[in-house]
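Please read through the structure below; I'll follow up with questions.
Per-chain residue numbering starts at 1, and chain names A, B, C and D are given in the order in which the chains are listed.
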Amino acid sequence: MKRLPIVLWLCTGCGGGLRMLDARGPHVERLRSLWDLLFLISAVVLTAVVLAMLGALLRRRGGSKAQVPEVEAHSVPPDGAGARPVDPARERRMGRVVGLCAGLTVAVLFVITVANASTGAALARLRSPEALEIQVVGHQWWWEFRVQDPDPSRILVTANELHVPVGRPVILKLNSRDVIHSFWVPELTNKRDLIPGQQNTLELQADRPGTFFGQCYEFCGIQHAKMGFVVVAESPEQFEAWRNHQLQPAPQPTAPMAQRGQQVFLQGPCALCHAISGTGAAASTGPNLTHVASRSTLAAGALPFDRGHLAGWILNSQSLKPGNNMPALTLPPDDLQALLVYLESLK
Amino acid sequence: MSAPLPTPPEPPPVRDDEAWERLYLERTWAPKKGLIGWLSEVHHTEIGKRYIITAFVFFLLGGIEALLMRWQLSGPEKQVMGPDLYNQVFTMHGSTMMFLFAVPMMEGVGLYLVPLMIGTRNAAFPRLNAFGYWTYLIGGLLLYGGFLLNVGPDAGWFSYVPLAGPQYSPGKRVDIWAQMITFTELAGLAGAVNLIVTVFKHRAPGMSLNRMPLFVWAMLVKSFMVVFAMPAVMVASTSLAMDRLIGTHFFNAAEGGDALLWQHLFWFFGHPEVYIIFIPALGMLSSILAVFTRRQVFGYLPVVLSMVSIGFIGFGLWVHHMFATGLPQLGQSFFTAASLMVALPSGVQIFCWLATLWGGRLWLKLPLYWVLAFFAVFVTGGLTGVMLGTYSVDQQVHDTHFVVAHFHYVLIGGAVFPLFGGLYYWFPKITGRMLGERLGKWNFWTFFLGFNLTFFPLHFLGMMGMPRRVYTYGVERGWQPLNLLATVGAVIMAVSITLLLVNIFWSLKRGEVAGNDPWGADTLEWGTTSPPPSYNFLHLPTVRGRYARWTAAEDQPVVTGVRSDRKEVLVTRLLDAAPDHRAELPGPTLWPLWVALATGVMFIMVIFTPWGIVVGGVLLFITLTGWFWPRPPYKEELAPEQPS
Amino acid sequence: MSPPRRTLDVSHLPTFAFGHRDPLWWGVTGLMAIESTAFVLMLASYFYIRGNYAHFPPTALPFYVKVVAAVITGVMLLSAVPIHYANRAALKGRLRGMRWGLALGSLLGFVVVALRIVEFLWIGFRWDTHAYGSIFWFIVGMHTVHTLSGSLEDLLLLGVLFKGPVEEKHLVDVHTNGRYWFFVVASWLPIYVILYLDPAVLAS
Amino acid sequence: MSRWVLMGALLFLTSCEREQRRFQELPAAARPAARDVQQSELQAGPVAPAPPTPPTRAASEDNAYDVSQGKRLFVWFNCSGCHAAGGGGGMGPPLMDAKWRYGSEPENIYATIVEGRPNGMPSFRGKIPDTQVWQLVAYVRSMSGLLKKDVAPGRSDTLNTRPSESSKARETPRPEEVEQPR
């Protein structure tokens, strides 16, 4: 049951895996067993119904308009017009079978209810007071992550790429700035909505290192399709290193090109929405760019991070992700070059 | 004092003189002529046909939107349309299929068939019927007018706030959606009340509740569900419109409102809505099964009780659409249990039908094809429904393409397959000609193939993480092959529907003439001509068993004494359908149209200015006065004052 | 020619009936079911919104408004008397009784609407003040629309009764209309209790 | 009857304009695209950026989407910091009243934003792209009811501190004398 051969065949044959079944943490592991149970039940029931239908089809054909219909004896007229009575013995037999099937249905539904409840209980047991707390804030159409810490100066603000330590439970506090979004990484979690004015929580734990793609699952407007994020599960040491690095302010540019780029950033439109710690830019309406070059994607998982895409994104954001809140900018080529160099230096 | 009569001399001739009777009935029930006559039509067969044809046109439009979406999704980063248009298209597709196709179609079939099946001459409230149709038409035209002018709603057929609220959906797009809801729900409610009262009060003598055809039961249960479900969405859409137009705070969390309140109200309607669509289909299925297995449906009582209990349980499980919103534990368990519970009556029905198949002698005609396919398709959808109703699993597959696969299996499998079966079954009654057999088989097999090819892969796409309502996806997600497969399936479905259209138009002209009863069927509508005359039955029938025509005695009595020089019908008692009194029904009139137009002015004008309420209110008062004002021919007038 | 058939002759049956024998009775019952559902859902929304407030109500109901609402309730209940009288007259086919009952009933209905306007002028918050205001105005406003349309319907029937010719079916119409008015009155009572007699609201 | 039909038709015709979502103010061909991004610093000469097309005032004024974008930007760019959310005024002058120091026409407001004004209004030249300035202009005008009611934004999902722009009565603009700095 761990790997259903058909499922395996289908997912290898089709390019992408059935990520939901590819459990990489204890939560999805539990959900996976419940899924397997339901899948098995469904397969059996569907097969039985289709076989019963086909059986009837093959067994007694040859009805026609001329065929005298059968109806219950008490409503068949005594003069015998129109219809003849059904065979009471056969009806009783069928009644017993139908009753049995109904009883089986009740039993199966009971099993599912219990399995569901026990899965819920098992998931609840996975909650841990030592969990790492991460605030997730949904924005149209990007994700803000705040890795919490008792020391306020060590609260890490980043966007669209989240690192989590392997083996340590993580608790996500979900909230939204605008409309309802929904958070799901198929290999790692179940799904939870981000609702304005309400705080939801979701537990997550990765058992093995890996990089996972998540995205928004509640329709949230024009760019719902391109509201993705990346979760990187790595060893606790790597995670701490990442965290400490991300907490650093952005490195001051040294190369003249990068310095000019910083000027472009600060004096141009960018600084109206984006923050880079260590500079004057502190706006919080767009993603925090302090270490943007350390991320693997741009535009909330929509593009890979490299110079070409970065330039395209700055100049042409509205044709890459139409309707998103980053305006397309018209920059002189030199300024653009400088800006690109500067942003790429923000490792 | 009685009204002046046409040519036949007074007093009315002997009742059992059939020729005279027919002449009288034809004169009394004849529709008015010309365009005015067409607009003032109130007979249920005509209104029902209009519902069916209009809903079918909307089905085709919704299908075209589906094709556009499948084209856009056939490959990663395709540029068939941008996200703005795509969002409008998927919203239109959902809204069209739910509000403009499925519910009105079922309503139309019910309005056409129920009065015939229970043996009366018209629905209980003919003018209300016409009013319902016109409001429905106005709602549909409003939605599509808006769409063509780039004011198509784009917040999904569910219009979740705050996205659909004033801040995140500027312009008039969502307002148009909200008002379309109001129109179609008004129509739905009008039809539901009409069906309930027709079934309650106009059944042929002898058709007691326990002898009603299963189709009539299904329509009755459906109508009751409409009565209790649709007010929820009207309250919701009115609140939404007020939030958007006059600044109320129903859904503004900062001022004490709640975004989840919308979801509760919407799904309190939205889940029963599924059964509102699906239960009439069960009725069609039962009708077809009985005729083509040449026997009664096994387990009349369990099937009726199942439908009734689905009707009740259907109201208790709306929250399973909100499992991902972070509910308290108790809510999860309760609504999981409730959601699973609905599988029991559904299962019982399936078992009873299977037993019917086993106990009968199958007459393999096209209607039965669709019914047999229903078993495979609907049960698949039902089983994925069990998964979605299970809290823990739902939290994974919720809002992925798995859900898209699920509800297309349920709604197409549970409603469209039986509906097409019903089309092949009742087409001869409605038009007088049979649908072509050969094209019909092609239609069936391509539809079955195309359907499964389109929607089965979506299960896997959901498990691969593909969300619903996305206009595109990245190439690195690996979702392309299955999406392409689904698109191919959609094209095959389109071909199938084209074949169906060809078949319909061909058969209308050239189809084999059906005669009164081509199937040897049991229900009363097959006892009159095809298509039925404007008065439905020459003699109102009586009934002595569940399968009225199969159990009729050789000399089954007919009703006499109902006046044929007036639009008189027989009113019977609720439980045992014993004759109670005779009632006169109103004839063709333009007032329902005027009232519908006044309603239209009111609800469309308020989108732009609150004065719409005042203007529309005055117009409504005037038109309603016209509707209810007494007109000749008058019946016996009361003495001005009777001494007491 | 068809052979002579057995027949069920119904020519002796009456051509109208009161109460649940009448299809219109069922139609109006359906309407009441629809509107009751709507009111119940609106009241449910009210409780849902009420739960969102730490301090409820966010704006107190002025004393005068509470008085007016009590008067409205009284007038509402009072209006049921003439309508009941009209109903009795309809059952007996007495034209004058129906006219008087309907005239008085609709007059009281309009008094309720007028008082309601006064209430809304004094109430001190608007539909766009906060969610409480929204749901309050929504429920009370919807009920006022029903009161107004019920009173107008009384007037319409009154017009029919004066203009004539008055037929049997108009007796049924008067009776049905009266029943609908009872529904309007009855549906006001839970609204009044929930919206105005809530201890938190009373204390405010 | 026909009057209503006609009115409806007119409303529908205007709706096209009102609902259009313009995400790109320049045709794709005219914009400096990836060709301007060189891996090398060498180039034959300065490449002139495409001249910005002046968006017509009507374009944003009659477009509900643009006005709502303006409303968003008003908060995002912290205009609300001085003028208060909804334009009630604070450090900066109120924007929801009838008084206009520098004129109420879109071009005046555009100039105010782009050039800045004495006594504290900074210049946003080069900081806010042209499209967004026009969106802001349209929104600023909506705050004193100068736009059509069916284009102006409805209430926000925030604390209710003022009536929504769409319910604001039109304030007839009149000039306000202001002391010129010496």
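For the reader, a short list of remarks on this structure follows.
Just so it is clear, a contact is a pair of C-beta atoms (placed from the backbone, for glycine too) under 8 Å apart; a residue touches a chain by one contact, two chains touch by 3 or more.
On a predicted model such as this, the values are computed, not experimentally measured, just so you know.
Of all the chains, the one whose CA centre sits at the greatest distance from that of chain A is C.
Centroids of chain B and chain D (each the mean of its C-alpha atoms) stand 46 Å apart.
Distance between chain A and chain B, defined via averaged C-alpha coordinates, is recorded as 35 Å. Work out the mean CA point of chain B and of chain C, and you get 30 Å between them. Shared interface positions of chain A, defined as residues touching 2 or more other chains, are 178, 196, 222, 322-323.
Shown for chain B are the residues that touch two or more other chains, namely 84, 162, 168, 243, 246-249, 252-255, 258. Annotation for chain C: residues 128-130 touch two or more other chains.
Listed by chain label, the pairs that touch are A-B, A-D, B-C, B-D, C-D. Taken together, the chain C residues at the contact with chain B in this complex read 1-2, 4-17, 20-23, 26-27, 30-31, 33-35, 37-38, 41-42, 45, 48-49, 52-53, 58, 92-96, 127-135, 137-138, 152, 156, 160, 164-171. Note for the complex: chain D touches chain B at residues 1, 4, 8, 11-13, 15-16, 18-21, 23, 64-65, 67-68, 71, 149-150, 153-160, 163-164, 166-167.
Considering their complex, residues 82-84, 87, 154-156, 160, 162-163, 168, 211, 253-254, 258-260, 290, 292-296, 298-299, 302, 324-326, 329, 332-333, 336-337, 340-341, 343-344, 347-348, 350-352, 354-355, 357-364, 372, 375-376, 379-380, 383-384, 386-387, 390-393, 395-400, 460, 462-465, 467-474, 477-482, 518-520, 522, 544-547, 549-554 of chain B touch chain A.
Across the complex, chain A is touched by residues 21, 23-26, 28, 31-34, 36-39, 41, 43, 46-47, 49-50, 52, 72, 76-77, 126-129, 131-132, 157 of chain D. Remark: chain C residues 128-130 touch chain D in the complex.
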